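Structures given as structure tokens follow.
Note that chain A is present in both complexes that follow, paired respectively with chain B and with chain C.
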Partner chain A sequence: MVIVALLAFVLAALPSMLSTYWITVFTAVAIYAVVALGLNLLMGRVGLVSLGQIAVLALGAWVAAKLLFDTSLPFPVVILLSGLITMVLGTIVGLPALRLTGLYLALITLMMAGAITVVLAATDFPNGGPGFLAHSESSLGSGATIRRPAVAETDPAYFRYVVVTAALMFLVALWHVRSKAGRAWEAIRQSEPAALAAGVNITLYKLWAFALASFMTGVAGALLAGNVGQLFNYQFPTRDNIILLAVVLMGGIYSIWGALVAGLLFRYLPALLDTWGLPADLLTILFGVGVLQVLLTAPAGIVEQFPKDMARLGRLVARGAGRVVGGVRRA
Partner chain B sequence: MPSWEEFRPFIVTGLALGGVYSLSGVGLVVLYRATGVLNLAFGAVGAMGALIAWELINNANWPDGLAYLVCVVFGGVVTLLYGLLFGPPLAGRDPLVKATATLGLALILLGAMSWIWSDKARSMILPTSNENFMVSDVLVNYTQVIGFAFGVVVTVVTAAFLRYTNLGTAMRALANDREITATLGVPVRRVEAAAWLGSGLLAGVAGLLLSNLVGLDANTLTFLVISSLAAALIARLQSLTVTLAAGIVVGLVNALITPILSISEYRDMTPFILAIIALLWLSRHREVRIGRAAG
Partner chain C sequence: MIEVENLQVRFGGVRPIDGMTLTFPGGTCGLIGPNGAGKTTFFNVLSGFVKPVAGAVRAFGEDLLGMPDYRRARWGLRRTFQTEQAIEKLSVYDNVALAHEHSGDGRGSLAEDVLGALDFVGLEVDPRSKVGTLGARERRLVEVARAVVGKPRVVLLDEPAAGLPDEETQHMGRVIRQIPEHSGALVILVDHDMSLVSACCEVTAVLDFGKLIASGPTAEVLRDEKVMKAYLGTEET
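Showing the complex of A and B:
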């Protein structure tokens, strides 16, 4: 399969081809692809919109940083714990909100994101300090960094570690989609009353989707903590919640590979524009246009649209080439 | 626990901010009721208008009053344009889709503001902020009075408009059922355009007032819409009176927590907590809905 070949290439060859800067960029791409995957599943499979996934990511990163500083648990355990704790929190949020219709659910996630952002602004992130909050103002300058897994301390090694973890998350997503949960989600997305009549436990499967998305985002948070070493609030700006929504829509919500495209849009494009000397704000505008375009014309997003467009381009080229060849032959 | 004297100035700021939240809330609710669109770009529109006014005053030497007018008109025009371009194609879609589309507009505006003006600290002082008077030892400036007064006036005028004028009645009919209203011969697109324009003008006014009461920063002003949204949500996106009351309560509680040092850092959570509580309380009996989600 194309994906397996791509994965092999990325793991084996890519790190040696890139400078440290680009390795960090692609690590971020993999991390945010996982976050996008969570949102992709929520929106594409169940039809729920969350406007606060970046806030959940910040939460996951906080939990991971706290565990990494205050305990000596091995990194994989921390990843799992971050995922699970974030999942529990996400489920607690989701539980009372599930009876709300689509718009109100989205708005509650926005409110939740706002609340989390305010709390994190006040508590800041753990940086090796004392107490429950593990934050100390004075150690800001000491450069205490979040530790990485023992097997993956260097940037290229950590990149591979992140990609493997991300691949695992995609596998989990694939398995879910093909399982009973996936079928229940599809039924709910198409028509809640019909699914209810068919005996699908709507609340359970919606909760499951929320839990899964939160778990993945928590895992991504742990990976992010290891990637950046030091966490600050400015790394999780409010507008990123909306930009994430935009790139997930643009990548395509009806295929989980759209999340991969979303990750590239979210972290690769800005870095690319930066090397060309163009302002990242252009991308924000582009993403805004992208949202409108997707909602108006191409609900399936780039993942479905791109092959169609390429096929169309291919036909155009073939026709043009045919005309040229025919003309040459006649002459 | 702080004393009464320490709370008093925050009652003033709370009422002023609350008034603007109500004003924005009314703008959001009226538009939602008439078109089914919850304009999440409301704050961004106001923010850009305020920045344009700042630019005109500071770099083009325009007279203050004219610049403020441009801000308000900009709000109306941008919102109207969006409504004319993207309203009809999305008209039959779920309210969630329509609201998400406005997020596209918000991103475009945010990107444009960031690009043109970057994130430098700016301030724009309305002339009314320099005039103040004393109310039993508390300093009150006229911008704050305008904030609160506008909130009340706009709510009352809009409620009267919706009830007593033809256009207002048409908007209420649209809110009930777009298709039936169209068959009755009401010029649906024109009524919707009026709603978009009115809501946009309010966005401009709110942006202007908030730039003074809170600060002239693109990000802050854009996402302050969430606080106004909280007021609108507490009113279930229906009642204007509840929007007014909710906006003022949100503003007051938010401000009054400021001197309580133990939780002061968390005071900005107030709109969110109140909205979450209200949403969950109001939906406690709700069952699965069949058909398009109503207000």
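Showing the complex of A and C:
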């Protein structure tokens, strides 16, 4: 209910209240919320730590840019294709998960992310150039912009387009966690023997989780390509893989809405610090403290802790007010 | 009927199951023995968690060890665990539904079967409540419900009443006794509580150091000299 109201507000009112800068920022928030959602599902549902999601996002953006330059396919088809192709690639990145868990899986996925970044640094993103790589140095800065859907050429319209697509991804996730797959994942996370004894095909469901997360991340990549217009490898630094993990933990991994908070932390907070004239490095410290706080006191993350804290604050205020009123009456 | 033939398991130099040959005829069968006798290892072999180095297990004429582990549940093999493994973040209903949808044939009425299984084990809690909020007794019963929902053919119960007080153990015993009649499954009960084993099982087998040392009608087996010796470690005079 809260979510539906929020969505209606974001779609109807928010674009007219914001400047172009903030609209771009909130578009990025929606996109990265989908990326965070992928990691949220992997970690919170199946217990798989992936430090390669930003690299998977880069893959999705690459595929989308390539398709958008080379074909005249409608934008939704490009989004779907990017999702599907990234799903195949991301599942390959996730293959080690069948043998490894925890720290080792995290390490392997981070190294894969590093490898992808290295390849991208050498070949860069498609910018309308010739050949398979579709990149040419000469067209740098010449303004070959990645097209947007015809119905959403302007920033506010594209923002709405992204929010609707992101909402669809959340629906897909919600449908998964409440169905057979969600139950299987939950069982795998707590106890693989118990899952196996109940007949869960562990290999299939782990791969499915990686496939779903990669699909969503690929979709986010396509949306990102349309948002920024031109893609460069510095938009996907390897360290962002680690920061994504931090914000997903802080947002909360046991509720899919934690991914929304993670998206805000990942893209809104830096923009906010920027407008206040504070250094962006401050974020690293903030996130460090935030993760510590989550691990020590609120393992379910901000999305569950914040409403509880607000309720507690409400009770405190109410009690304080009651005392004041009582005091007046006594006087 | 389950026929076990010359089963051998090795962990390095240790042989937790060392040439076990045994037949479980049907109904509820007891499997007892001192700690380390190989009872749980035997269950793990049946579940596919442990690969034996030699031997065969035929269940109702089918080669159980040749099946992929996750397919065994679909075939009808169910189990509970010594340390109970009800999934905490899922509701009572979802815990049982999990076993049904992954081991059933996908048809039939999920909700009816799940609620039926919960009713069968006598669990009175709200099916929507999270397992993490339940007590030991309820969680054990959730696990048993998971083992009997749908169409089980073999139900392995690994100390299902461990840690439960007497009256709750008696309730568990009543549930266990009804499983073969209710679902047609063969039940193998591992437990240290001899009164529970006596109350539930017509026949009982005794393991010691991975070998069968006695089997037969439960009352006779429990009076067997070798069994007492294995449990007490002293000779009867």
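Some observations on this one:
In the analysis below, the second predicted complex is superposed on the first by the 329 of 331 C-alpha atoms of A that agree within 3 Å, B and C clash if a C-alpha of one lies under 4 Å from a C-alpha of the other, contacts with A are read in each partner's own complex, and residues count from 1 in each chain.
What we mean here is this: a residue touches a chain if its C-beta (ideal position, glycine included) is under 8 Å from a C-beta of that chain, and two chains touch if they have at least 3 such contacts.
Only a predicted model underlies this, so the values are computations on that prediction, with no experimental measurement involved.
Annotation for the three-chain superposition on chain A: chain B and chain C fit side by side.
In the overlay built on the shared chain, the residue A:Leu295 is in contact with chain B alone; chain C does not reach it.
Legend: residue contacts after superposition of the two complexes on their common chain; A:Ile242 is shown touching chain B, with no touch to chain C.
Once the two complexes are overlaid on the shared chain, A:Val261 sits clear of chain B and of chain C alike.
Within the superposed three-chain model, A:Glu186 lies in touch with chain C and out of touch with chain B [touch as defined at top]. Of the two partner chains, chain C is the only one touched by A:Val200; chain B is not. With chain A as the common frame, chain A serves as the apex of an angle whose CA-centre rays point to chain B and chain C; its value is 80 degrees, to a multiple of 10.
By the touch criterion defined above, A:Leu283 lies against chain B but remains apart from chain C after alignment on the C-alpha atoms of chain A. Note on chain A: of its two partners chain C and chain B, the one contacting more of its residues is B. Applying the stated contact rule after C-alpha superposition, one finds that A:Leu224 touches neither chain B nor chain C.
Across the superposed structures, the minimum distance from chain B to chain C, using CA atoms, reads 8 Å.
Touching of chain A by both chain B and chain C, each in its own complex, is seen for residues 193, 196, 202. On the side of chain B, the complex with chain A involves touching residues 38, 86, 89-90, 93-97, 99-101, 103-112, 114-115, 219, 222-223, 226, 229-230, 233, 265-266, 268-269, 271-273, 275-276, 279-280, 283-284, 286-290, 293.
Interface residues of chain C, counted against chain A in their complex, comprise 47-49, 69-74, 78-79, 81, 85-90, 94, 97-99, 101-103, 146.
Chain contact summary for the complex, chain A toward chain B: residues 49, 96-97, 99-104, 106-108, 110-112, 114-115, 118-119, 121-122, 192-193, 196, 202, 237-239, 242-243, 245-246, 249, 279, 281-292, 295-296. Those residues of chain A lying in contact with chain C across their complex are 180, 183-184, 186-187, 189-191, 193-194, 196-202, 254.
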